[in-house]
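Heads up, there are several structures right after this.
Paired with chain B in one complex and with chain C in the other, chain A is shared by the two complexes that follow.
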Partner chain A sequence: MSYNTSSRLSFTRSPRLFLFLITGVVLLYGVIYPNLEVVVTSLQRDHQWTLANYREALSQSAVLESVLTSLGVSTLTVLFCALVGIPLAFLFERYSFPARRLFAVLAALPLVLPPLVGTVAFIFLCGESGILSRLVQSALRLETPPWSLRGWTALLLFHTYTMYPFFYVLTGAGLRRIDAGLAEAGRSLGAGSVQVLFRVVLPQLTPSIVAAGLLTFMTSMASFSAPLLFGGSVRVLTLEIFTARQRGDLELALTETVILAAFSLGALIFFQRYEGTRRFAAAAMKGTGRRLKPITSGKARAAAVVCGVLFATLLVLPVATLILVSFAQDGRWTTQTLPPAYTLANYARILTEKDASEVFVNSLSMSAIAALAALLWSFCVATLARGKGSRVWKRLLSLLVLVPWALPGTVVAVALAEAYGKPSPLLRSYVLIGTFWILPVVYFLRFMPLVVRAVQASMEQLDPALEEAAGSLGARWWRRFRRVTLPLVWPGAAAGTLLAFVIALGEYVASVLLFVPSNRPVSIAIASELRDFNLGAAAAYGVVLMGIIAVSMIVAARFERWRS
Partner chain B sequence: MSLKTVLALILLCLLAVVSCNRSSGPAASKLLIYTPHGQAQLRDFIARYQQQYPNTDVQFLDMGSREILERVRAERNRPQADLWWGAAHTTFQTAADENLLASYRPSWSDKVAASTHDPQGRWYGVYETPEVIVYNNEAVRPEDAPRDWDDVLDPKWRDKILIRNPNPSDSMRAIFGAMIWRFHKDTGSPEKGYDWLRRLDANVHEYTADGTLLMQKLARREGLLSLWNLPDVWIYKEQRGFPLAYVIPASGTPVISDGIAVVRGAPNEAEAQRFYEFATTPENLVLAARTYYRVPVRTDIDRSHLPGWMNEPFNRMPVDWELLRNQGNDWLRYWDTEIRGRSK
Partner chain C sequence: MTLLSLKNISRRFDSTPAVADVSVDVERGEFFGLLGPSGCGKTTTLRMIAGLETPDSGTIEFDSNDITNLSPERRGFGMVFQNYALFPHLNVFENVAFGLRARHKPRAQITQQVTSALELVQLPNYEKRRVDELSGGQQQRVAIARAIAIEPALLLFDEPLSNLDVTLREETRGELRELVNRLGLTAVYVTHDQEEAFALCDRISVMMSGRILQTGKPRELYEHPVQLSVARFLGRNNLIRVVRLSSSKSAVGEFKTLEGDHKLHLPIRNDDLAPMNKPCFLAIRPEHLLITRTNVRSENVLPARVREFNFAGATTSIKLDANGLQLESLVLEPDSLAIGDSCFVTLPPERLLLLNE
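Our next item is the complex of A and B:
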């Protein structure tokens, strides 16, 4: 014990205890208690401990079927996203061709498309009576629509479109970190380019690809609007939970919730084993970066541009559809290919009505609060996870932090409603449900894992020698953090925070269960308009929301450039 | 961005929140309504209410009626809503049984039939909602349209029928329930009703996620036929110009009483009662009938002021609503797991 005392003392000089307290409290209130409450409820009946709920749920063929379907859909989604995202990342990171940067940015577009907005745009574009389908039908003079947007194909198509950016972005980042010298060395030892790819490059990329696969898998398990709107008769677990709740079968819904969460968390724990290999990529940072290979041959160049334009069109089409519909006159678009009449009334309506401007203010302020809180908190977590301590403890910490990300939005909302919809041991008589703060809290919980991951990744690449040097020059913890760590970690942290902010802006599944008039977010306004069949107004809300997202990303990018 | 900038941003956001919380303004009293009746009707009623009571800040959240039930349940320890306007009487009775509603007897409580209110006054019916067969009248000629429930099982409608997902919908629950009840009343078992739903399933092209999508897909001819409630059909037909027509099934149709209730523990109970009375005056019932196609429940309305179709006689199906309410969830669960999408 005694030889340890000196290092313990140096801890107390850093605000480690303070960080520990904050982290612990947030995890206890936000993650451990609400989820435990759900598990406990699923294990009880009339206040008696029993497994009856599980026995009943698992004896129903529909529940088993939905579990298997969810797993199948998610696995296939991961596969397809990898097939699209990884080659794209290689294309954009390795080769230079005209308008490369524009396409590179466009390729990440679906990442910031709010899910509800995306599904609606998809229905207008590819639905059975959508623009594309009508176009094909009239071109080929078909009697019936050429396809219906339903079932496995539709679901996988939409999932691939919205989730391949995980692979694209993470593989791209991984490629940028790779030491080109290693590939060079491989080549000089006589390895062919295929061999270099499989023996040198891909192994270095494994952590990025595994991380992307995990993200895609969990997002797909949690996917709700897509199976609801065009899953057809495909039964996934999220839908089963939804219908069970609507039938008033609350026990079954909670039990299915726990089953879903168990699978997502299982995948998380399983894949976390690959985390260790990440250091490999981090160490490689010291090597030289790889130059872009220009595509100079005329034909290849033309082909690259054509592919780029085609691909960009595919990506932009849903957004373009949304913009088109936002100008369409409501109710006039029935059997025509394109909306027959256009108007500015939809924008006029949402820009002049008081409740319309309010929903934007609400979403912006709640997302900002959540994102900034997540930023501050992720520094606490990252500092703790980096400091001394046992491995088991650290793994537990990063697992707990990731739990809300692994859980579908509905589950997070239901857990909070279960735990804080009544006087609770943690909050005493204070009931959080029904207050303004419930949504910022939900947004924080759902999206802080993004920020934590970003900060952690940046910190892992930080050379500890820098901090040690500052320390040996007499800088205290706060000064070291502010002058050494923060400037180096900042780009990653800012990117993560921005992403969390942007995704929170369009959050729907948890908001719909918990919003109150004083915090009604944009997504709810869109859903209301859809309910009333004001499709144009719904699309207009969506377009304004995407505009805000685009502006905040551009401003952030400018700011970063101006700073450096 | 320096740390100072970050802190400044946080402060700015907090200021924004504080200021917009304040901007909701000091109204003398407040009222929050949960309702599925749609934005147009609500804005109209609230505007006219505020002409009479200018110091009341009235807000509403529009959601499906089953969503409202879930929400009121979740908020039982901290009720947010004052008034719940709109849901089938079966849903209201469930809420009443779960002790979520407060008792209130409106001034017109003796002007309605006994079947359209709770004996303890925890909900009263306001509108009647008959269920009908609806079809796209540009694609189907009136003489070819089904006359009765069993006609929709005809193989000629295979892959032509759209049905809204019944779980969250009071109308679809009523229709499915009524179809099972038709056989249940004689056999005492839902089996024959399940068979009926199975044959319907064989004809169904798609179960849509909500009523809006149902109407949209019907207008766009993704399917030609559906089962839905009459007021919605009128709204889409008249206000949206959709090519729709309807048939009231010859053998009779279930009629839902669409009610109103004060939420138990409502923060502004007196205001809720005042709006309750306002929404159900004879003038406002006539207005709702003419503008929003809502058939009034009150028996003391001068029926000559109502649109002509509301006075046309039709067969009511004498459904056993208590049976539907008690068994409905089990029936739906069976339908969900064993029938939906299995008959092809």
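Our next item is the complex of A and C:
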């Protein structure tokens, strides 16, 4: 029998106060103040409260169009991602066939591909002068490239490629949680397999699928690199904000930022509600595990493997292209299908030239600072969220923590720039914008929710009786934390921290708005090489970045395995 | 001498009362039981004794000191959890040594105390084993060793045997009782299993819906439940709905059963228990019914028909129908009775217990 209560295993008073203080200060400075500042500024003109900014913004057809375009792109993205991700999850979770595990791991690959690097790889592969289009052009002896990678099709293709893993991963996790006995019960009551799918399995998956849909929607609304590089005439909201800022039209930028943020926060609130209902699937956890259904017929087996290989190729092709191009000699690759000459010069340049290699030091150090800070902070938040306190308060805490993650990078950057680009009541005369520290702060804010989530998830798996047992054996809070909680939570926390680190490494969206010469990150270097048509160098940067990410992910997977 | 004393403690969870006005005194050296169906508040009571919950009102005293608001780590009570709560990342030795390390005991003493605790629970030389390699019964013993290693002032058990299978449960029960006796410890034991509570405990409080209904020695509770719900909860009972016919002054009460319309007589110990013409209950244990083939000349004999046999090894339960009144009897030998046979059932007056709703 268990009671859903926070036990009164006490801290001595001071550490709890300390945790409160840290959490409060970070939320105030990082989340509440900057976003409030943006909203307030967008509602003012010459220190007068007014809706004029909104009236003006919404009367411009360009702004209205970009809002509608963003919504349209995102809705279609959700649809396509669901069509790819859900069947894939069923395939990998329900059937066994040769090399299933390899394909299953590969399927989640786009999740850790930095959006900018993915975009660049896509351009090299299927852009107007990409390898695929050259292949088709030379095969059909066409005068002009067979297609141009611009507009809706390109955008949706790329979004589907990078975001279907949300559906794949969450549906897969949902399927694993469903008690196989329920489906068997359904069958024994006379329901056919289709009926079981629709009346037993899918209703239980709904929370996972809705959560995936909202995640995809938010990510797609926030998408920036892809529309920037091959959106063509498709003008989405993030791009509008960026160009408005570049033009110096700060008021319009702020107003658009609030509009974009409103959509993302709306999605977040729905997301949180569905997160809560996910529990009912977990509640029925006592039961038999499902055995994978082997595909036995020879033909079906072959078909499954062929599909798998095809799918894996599709997934790996952009990455392979990037590696290939990174060895291409710049300037020599003109009309040939594949680069004619190969060289190590690109790598030599980016790794030896001081200006070029410095960006790695910058990115690595800034991401590490942000990730470690996030780890420490996550323990504060998770401990507070676990302790006693009213439910309303805890909900508010977790909502506030999730806000910077739900907000598009553009919004976070704009808000920080607005709040700390001038002397502020919170920082007095210190101006954060323009210093080295602005990017670590942004990375921390954008990706700490991932770490908080990981730490909280690990803590939830922890049997509360363990801490109670430690308490009854005479251990004070610090010993309980050090000897019981930390060793058990550590693997999950470390994996979450590494994930945040990896994603911060390739961050572009917020960096491009806030970087200064002293903290130029890798992503900015890639973009500027691309602008100068140093394709090889841009690709080489991307490959090195992916290399670091791959190593980190392997380490993270070790941690995960350790945990189980 | 009273060691632990709960005084009018109450606890609510989100406005539903889990424990309501519970008062209990536990003597030094006593093995005390909290018995009740699941959800009756017994675990919450135990957790309040351990300090894992705080009562909303009332006080808890230990050795004449108020410990109501003392945090669990300062109480020095050993607790054995239902799921054992062994630390999965520590081996057996470190699990048992946990509380000693928290007390900063010297290393040599820790080793010695852990070894002797493991010997006490009959797990010598298990120090280096991982806890997830152990069987359920062994994990259980480690949990007990961990709790007794700190030489607790009070030992608390939260349904510690409920995860074991039946034979192991009975075996461990005996060992547990012996161990606590040998160490001269005071224990509070929570269980929903009446047999377990009877076998282990010196005294038991029966809890239901957050309240203590009756406290007493196992035999007292079984033979003289003071309330209908206690009679219903502890073992099997024939509960017969009756109305009192005789006046409240007479020493022998006369009752009419609502089913079957029989007349039953019994000596009245307490007059105000049963006012005239108000429905109440007579309780009698199945093993106290006497079945005979022929009518014996004594009080409270009812003609009946055998309805059902349930063979359960040592005993056999016989269900009887006495003109609509359903009775159950427990016998050692079914005496060649068959279903449908007529017989006579005697309800000895001294075995009948008068209870109010």
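The rule is simple: the second predicted complex is superposed on the first by the 471 of 564 C-alpha atoms of A that agree within 3 Å, B and C clash if a C-alpha of one lies under 4 Å from a C-alpha of the other, contacts with A are read in each partner's own complex, and residues count from 1 in each chain.
By our rule, a contact is a pair of C-beta atoms (placed from the backbone, for glycine too) under 8 Å apart; a residue touches a chain by one contact, two chains touch by 3 or more.
The structure presented is a predicted model; accordingly, all values stated were derived computationally and were not measured.
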Exercise. After lining up the shared chain so the two structures overlap, which partner does A:Ser390 touch, if you call chain B first and chain C second: first, second, both or neither?
Worked result: neither
Problem set entry | Contacts of A:Asp463 with chain B and chain C, given as first, second, both or neither | second
Exercise. A:Thr352 contacts which: chain B (first), chain C (second), both, neither?
Worked result: neither
Problem set entry | Most chain A residues touched (candidates chain B, chain C) | B
Exercise. Thinking of the overlay built on chain A, is A:Phe559 touched by chain B (first), by chain C (second), by both, or by neither?
Worked result: first
For this session: Identify the partner contact of A:Gly471: answer first if only chain B is touched, second if only chain C is, both if each is, neither if none is.
Result: second
Problem set entry | First (chain B), second (chain C), both or neither touched by A:Ser518 | first
Exercise. When the two structures are overlaid on chain A, which partner does A:Arg482 contact: first (chain B), second (chain C), both, or neither?
Worked result: first
Exercise. After superposition on the shared chain, which partner residues are touched by A:Gln60: those of chain B (first), chain C (second), both, or neither?
Worked result: first
For this session: Please give the residue numbers of chain A that touch chain B in the complex, ascending.
Result: 60-62, 128-129, 145, 148, 150, 228-229, 232-233, 242-243, 245-249, 330-332, 334-335, 358, 361-362, 364-365, 368-369, 372, 375, 417, 421-423, 431, 433-434, 436, 482, 486, 490, 494, 512-513, 515-518, 520, 528-535, 559, 563
Problem set entry | Contact set on chain B toward chain A in their complex | 1, 3, 6, 9-10, 13-14, 16-17, 20-21, 24, 32, 38-40, 59, 61-62, 64, 66-67, 69-71, 74-80, 94, 165, 167-168, 206-207, 209-213, 215-217, 219-222, 236, 239-243, 329, 332-333, 336-338, 340-341
Exercise. Any idea which chain A residues touch chain C in the complex?
Worked result: 1, 3-5, 7-10, 463, 465-466, 468-476, 479, 483-484, 487-488
Seminar exercise, completed: Per the touch rule above, chain C residues touching chain A in the complex are 13, 18, 38-39, 43-44, 47, 50-54, 71-79, 81-83, 85-89, 98-99, 102-103, 146-147, 150, 156, 159
